[in-house]
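Per-chain residue numbering starts at 1, and chain names A, B, C, D and E are given in the order in which the chains are listed.
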Amino acid sequence: MVIVEFLIKLSQGFGIGALALATGLLFGGIGRKIMARIQRRYGPPFTQNFMDLFKLLSKGSVSHGWAFDLGLVAGFAPMLAALMFLPIGPFTLLPSDSSLIMIVYLMMMAYLGMAMGVLASGNPNSAIGMSRALMLMVGYEVPFAAVIFSVYLFSKTGYLTQIVTQQAGGFMNWNIVKMPLGFLATEIALQGMLGEKPFDQAIAPAEIASGPMVELGGKYLGFGMIQHSVGLFLETGIVVDLFLGGAPNFWIFIAKQFVLYFIVILVDAILPRLRIHEATSFFWKLPLFLGILQAVIVIIQGGVLNV
Amino acid sequence: MNSLLALLIVPVIGSAAAAVLQRYRLVERLITFLTFSVTFLFLFEIKIGDILTWHLDFLGKNLEMGLQITPLSIFMLYMTIAFGIVLTFYNLSERSKMKGFLLLLTLAASNWIFMSTDLIGFFFAWELMGWSSILMIFGGKREEESRHGALYYAMMSIGGSYSMLIGIFLLSNLTGTFSIQSNVSYLTLILGLHPWWVLGIVSLFFVAFMVKSGIFPFHTWVPHTYGEAPDGFVPYLSSVMSKYGVYGFLIFLPLTSGAHVPSVLGLAWPNYVLLWFGSVTAVAGSVLAFMQDDVKKLFAYSSFSNLGFILAAIALFTPIGLTAGMFHAFNHLLFNGAIFITVIAVISKVGTTRMSEMGGIWQKMPLTFLTFFVGIAAAAGIPPFAGFGSKWMIFQAMISHGLIFATVLLFFASIASFLYLMRAFHAIFLGQLSHKYDNVKEVSAIGKITEVFLLGALIFFGILPGFVLDPINSIVNSFGLKPLPTSGYEYINGFFSSINMVSIFIVVIVTFIFGFALFAVVAKHKKVPQEDNYTAGQIPQDWNLTPEMYQFSYDFYEPMDKELAPFLKVKIDGFFKGFGESVEYIGEAIKEIFTGNVQIYTYLAVGGLVIFVIAGWVVW
Amino acid sequence: MIDFLQNWIYLTGSMALVGIGLYIVLTNTNIFRIIVGLNIIDSGTNLFIVTIAWHPKSVMPIYTATNNLVVNGHVISADPLPQSLVLTAIVIGLGTTALALAIAVKIYQKYGTLDVRKIKEEDR
Amino acid sequence: MKTYNLAALLVGVPLLMAFSIPLFGFISKQLAKWITVLTLGFEFFFGLYIFFWHIYPFNVIMGNWVPPFGENLYIGPFATVLIILVSFVGLMISIYNLWSANHGDVVHFALLFLMFVGGSIGLISTGDIFNIFIFMEITGISSFALAAYGPERRALGGAFKYLVISSIGSTLYLFGVLLIYTQLGTLNIAEIAARISQTTSGLLTFAGILLVAGLAVEAELFPFNGWVPDTYTGAVNPVSATLSGIGSVGGIYVLFRILMTVFGKDGNFVSTYGNMDLMALVAILGSATVVIGELSALVQKNVKKMLAYSSMAQMGLVAIGFSIGSKLGAYAGVFQLVNHSIAKAMMFLILGVIVSFGIGEHIEDMKGLWYKSPFLTLAFTIGALSLLGLPLFGGFWSKFALVDASIQRGGWYDFVIAIVLFASVVEAFYYLRIVGYMFTSKPTSTDKIKVSISPAVPIVAFSILIVAIGIFPQIVGGISWNAAHELTDKMGGYVLNVIPTIVGH
Amino acid sequence: MSEWTEIVDYFRGRSMWMLHYCTGCGAIELPPTMTSRWDMERFGITPMATPRQADILLITGYLAIKTLKRVIYTYEQMQAPKWVLGFGSCTINGGIYWDSYNVIERLDKYIPVDIYIAGCMPRPEAILDAFVKLKEMVQMGEAKGYEKYVKNYDWYKANQDKVLKRTSPVLKEIEKVTKIG
């Protein structure tokens, strides 16, 4: 019985992964299209990212040793694992463990694995890129944490599923209405999380030869792309669950995610790249202020929890 | 023989034997290891509530001294002795200059600290632990620096323990007893009447504990000392010895739990202050750590940063806070031990502690690399390894009190810990392998066994935290708090949510399997040597490009310096150093009194006499 | 008790000797002069000891038929004890002086100077 | 009043043997050295006999002249513990001398040494303040001569400085004694003690100041301790050990015998006489001594000089302990005195062994001693840690008691103890620095030091004693408590034991 | 199996990532090709930063011998399948440098060139045309330059060595060079 359940879950998980990957790739393609249109280009087809991924997975590549391989897999697997705890619309694969901080830390393991892989290549460009990525992470995770904690305090629960349930019943129940400042902070943090301009220091192609990815080719780059796409889905999904009240079905969920991503793309299209220390300190100023302010408001509104 | 006494006697006997036989290094190490093991065996003999008292004819009184086993002390004993066994086992193959007899004295002291029911015994053991560890640090590799580090530690530690000494007597003069329990209950009794007075005394104690744990602003000795201590001893120093402070805090923390003192966000304000000390420590440690190039110093900072987490959590003194703090203490012991043991393994092979001179060791020491990887993953709080659960609980404990600023600070420290861990990981193991290290070999069989054991422990306690949480719950219970509900070995129950670690583990494993499968299915890769690297078209051989030149690990987070510069200007280290220097300056001046000229001495004597006579005249 | 303050002239003398000795010790840099100063201090002390035992109206402290030691219930004899004390003190002073002189000679041999300011080692 | 006249041998035997040593010296130089060992061994076992059979407190009556009329020796608990201490330290140093005093005027060295120890024992046991002066001079003259021994010229300079300051000090002491005599007409300590509160003459306070000043020279209290660094450094190491382990013990003993027994009031708190609190004066001197001694030692690079300064500072610590005036304070003082005496004597002896192997006294020369001789390094470490008051060693308990006493006394002693503890941290720094040099660095030459049996015996004995006291503080604790009782309860503890018929107050 | 190969080739043709090795003046033609006027991204062609990621090596001008050495190194660092585009007359016959002592005349003597773009300079239209041609060739499975390189490696190597040995005297003074760095 347990095995059957496990197999069901396994197949469901596989499905979720595929869906997330597809959505992520599609979003990427749409993003490129939108970007092209903003720049008055025709742009690649929506499906360009699928073709790119397919090509990458079929292309030859070089490996710098087993740590390189392990790192790439370790960069991809935990992201997929984190996905399993995300409420996607009404459906959550493992609702009992969908603790928000846990998901955040699983995502970090993905970064850790990715970092291990790219650093094992021994290329200084990847090291510089990784160092920038990590410094940026110190920036955006702090306001994001403030927001997470204020949501915790507001919802009095740490389960994403329950946070979603609490927002049921219409637009006015959404956390975006109740915690607008927090949403704003999250939206800015999301820009950094997705590594879009002005926060794309880590993979500055003309500057440090695409940073962490400098030695990645073929399937390794493909894995990186999968990680990025799933990460895109996951991160926007978390924000949707946190602030936009989840969704009654999958399509609305994706639509909401897309709205978020659309904002990110628009910002990406019009802003130049900051220097890394400017970016980091930017996150410690406005977004952190917003996040903390939100938390303080929540504390004042709700009073301190009784322990 | 009484097993409680055996916990003190056996290490002392072992210490004497090791001291006599210290000329034969292997025998000495074997004795050290065996003594730890035998002491551990005696642990099975004791149970909670065991008590042993004796009387000491001292100070003209018949003072009662005693040993007692509480849930907390047995937890600490198991933790520290077990770690000691692992470390001494590892040291069997290490050629570090650690003196086993001092380590065993430290063990005796530590056992006594955890069991003592009276302040005399506590202070005795505290000082014993202090000096034996100081002498141990003298054996470091870099001689000037290790001396400096040990003296720094000695000054702070002795200063701290004198502060505690004053506290002990201020207390015992009021109560007329040295018993810890009656003194604490006395303090609890009068806390409402004289809060400032009680807190004054308690803070005298806390200074000693803060020094030992390296809590801000007494953290400055930590990098100097950890950085220079003998390699074989550093893991013990950072994993075990920093926990004495935690134990000490836990003695006095029940004070404010039931008292009527002003509170901040539902937290008694002394605890609130303590929590801030913890948070600031966590941040300071993390921030300072990622500026480091010396690997031992880096993890020294990391160590006290984690102690900040622990302090912040136990300062809450709620069931979840206490559980989280103790759990993190355990996890810190584990992952810090793993990290430091692997680090010293690498140091012993490459012969330097500067990270910018290492790199690429993973190719030579794969098992060490894996252990280190899991260690830092645990240290960064990544599920499903040990270390995640406790950090996760700490955040929940903090946020459940609405302590948003402190929580954000701690989260920042946690992310920053990710930074320095990554930096160490990169600089030591990843990147380019220098030709200097072509002959580096994996650790010996003993080292491998140790590493596999630690690796296993990190995963085991990560996915089955209940084995640690159960004893912690009984500790929480013994403090009169309601322990968190338990629902099986695989569950961690937080305030806001609970997590089934096994299911997370399974999910991660499945995704990993899937990842590897995908990796194997898609197009093949080919293995290339390290020189075949993107060099913007330049051919490395043509330009004598050595791996060291192609390794970026020095000043890894240089851009951050700009942002953090204002905070780094606050130099507490400099304060202590300046203080020391001015004392020395005064000493130079005072020394000039003794000029060597007998007439000056006569003048002094006659002058002194005249002053006394005049003073006597005036007073009379 | 004999009120020794009556012997103010001897008292002043002894104090003056101590003062002079001290002055010599403090102001002269020559070792021998310092020893002489110490000796003068000794003499002053000895004089003081003798002084406290005696005053002009006292009689000798030997009981004979004609020598009344007690008049009207007051002891009027000189105190014999300080006499014995002073002998000890003189002997001790002599010993000290002799030793000091011996050391002074050796100092002159080894250091080549009698200046106390120069009798010291470099590393202080 | 208990009498035990045989105990006069305690003073008589060493002095007699001292002056007969030249005779033995004619036979063999070695014999002269063995005579010191035997004599001091006799003293030590006599002391132990007195201690273990609990015959103390008792008097020794000279020629049936009952005190206060005759001269007497009084051996109470305080004297007993100090006699055992002094004779033990003396015995150990004389065993050490069997090996170290090999050239020069060995016979007269033995004479002077024995005379010094005998004088010290006399000083401790006598019951008469003028006799104290005589014994002080005996120890003084012998110690000047001892200090002048040695091949180096700095010994002479040190001895001369000691001589000058000590002469002035003893003159001051003598003046004090005479002033007391003029007021009370007696020299017997017990009688003075009993009658001192009958009179309120200002001259007595003046006498007290003179006595404190005179005795502070021997007790090494600032500003009367100018001689300490030069003399200790100049003298050969066994002599430094003697001065530090025996000489200062006598000085402290007399100082507090006079302040607490003579000037003390009955009861727990003592020593205000008139309005001038002599104990407070000593406490100030002691604090100043501790601070100045430790800070001067801090910047020293010469280990021997460092030990000298540290000696000074430790005596300050002892003085502070006694000056608290309570029973606990006196207890701490006695305890600390014992610990310091043992540890410091041992450290000087170790330094002597080190120096005799051609290694210098400079701190840099201590490098890598651990690799040359673990035995000496461990012993030195034990001594240093004991002085620092770290556990497992005797010093822990005495510092513990000292802090306890100060804090119980309260008032401005809180400030004093803060200074003391600060100075202790400084002390910890420089001692641990030496220990650090010994442990860390590789030596430049790796010649092993083979310590022969004769210097090893005292060093081992001292170390074992230190550790034994550290583990079982009762060894010293019990008798120290009795001694503290003797000092603080002057009528019951001292006066009535000497003159049972006296009417106090 | 051939269907699978066809599918793969189809996608490869639709997603070609380009590493432009910009020597000489040809680089000036690439910005208009990439940006809104001509927009080569619509064919799925994007510029890449490193040879590991790239499918196309676009060489935009004359190649001095020293440059050739780096081009070959870069080419060998790229992973199969990979294609080379020779851009401008310089890569075909040396162009205006036809008689220079240190500029090679024909690129395909040293590495296999799949498509040459003639012209001095070729316009962006020509470049796009070449891309489209290359795409068709890839999708037809005709662009097999990289296989040719493996098959005839000895020949290429001999040609390379013949010219490259002239570079060695310059590069032998390594000490001087590395000292500066």
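Following the convention adopted for this analysis, a contact is a pair of C-beta atoms (placed from the backbone, for glycine too) under 8 Å apart; a residue touches a chain by one contact, two chains touch by 3 or more.
These figures come from a predicted structure and were not determined experimentally.
Asks: From chain A, count the fewest steps through touching chains until chain D is reached.
Replies: Minimal hop count between chain A and chain D: 2.
Asks: By the touch rule set out at the top, what is the minimum number of steps from chain C to chain E?
Replies: Each step joins two touching chains, and the minimum needed here is 2.
Asks: If I average the C-alpha coordinates per chain and also across every protein chain shown, which chain's average lies closest to the global one?
Replies: Answer by centroid distance: B.
Asks: Per the contact rule at the top, check every chain pair and give me the one with the most C-beta pairs in contact.
Replies: A-B
Asks: Quick one: chain B and chain E, Cα centre-to-centre, how many Å?
Replies: 58
Asks: So the centre of each chain is just the mean of its C-alpha atoms; given that, what is the distance between chain B and chain D in Å?
Replies: Result: the chain centres lie 43 Å from each other.
Asks: Can you check how far apart chain C and chain D are, centre to centre, with Cα atoms defining each centre and the answer in Å?
Replies: 28
Asks: For chain D and chain E, what's the span in angstrom between their mean Cα positions?
Replies: 94
Asks: Taking each residue of chain E in turn, which ones touch at least two of the other chains?
Replies: Within chain E, the residues that touch at least two other chains are 50, 52.
Asks: At which residue positions does chain B touch at least two other chains?
Replies: As it turns out, chain B has residues touching two or more other chains at 532, 534, 591, 594, 596, 598, 602, 606.
Asks: Among the residues of chain C, which are close enough to touch at least two other chains?
Replies: Each of 22, 25, 34, 119-121, 124 in chain C touches at least two other chains.
Asks: Which pairs of chains touch each other?
Replies: Result for touching pairs of chains: A-B, A-E, B-C, B-D, B-E, C-D.
Asks: In their complex, what parts of chain B are in touch with chain D?
Replies: Per the touch definition, chain B meets chain D at residues 19, 22-23, 56-60, 105, 120, 123-125, 127-128, 130-131, 134-135, 138-140, 143, 146-147, 150-151, 154-155, 158-159, 162, 165-166, 169-170, 172-173, 583-584, 586-588, 590-591, 593-594, 596, 598, 600-602, 604-609, 612-613, 616, 619-620.
Asks: Which positions of chain C touch chain B when the two form their complex?
Replies: 22, 25-26, 29, 34, 116-117, 119-121, 124
Asks: Which residues of chain A touch chain B once you look at their complex with the stated criterion?
Replies: Touching chain B: residues 10, 13-14, 17, 57-67, 69, 72-74, 76-78, 80-81, 84-85, 94, 96-99, 101-102, 105-106, 108-109, 112, 115-116, 119-125, 127-128, 130-132, 134-135, 137-138, 141-142, 145-146, 149-150, 152-153, 156-159, 209, 214-215, 218-220, 222-223, 275-277, 280-281, 284, 288, 291-292, 295-296, 299, 304-307 of chain A.
Asks: Over in the complex, which chain E residues touch chain B? Could you list them?
Replies: Spelled out, the residues of chain E in touch with chain B are 21, 50-52, 69-71, 73-74, 77, 171, 174, 177-178, 181.
Asks: Show me the residue ranges of chain B that touch chain E in the complex, using the header's touch definition.
Replies: So the residues of chain B touching chain E come out as 532, 534, 537-539, 542-544.
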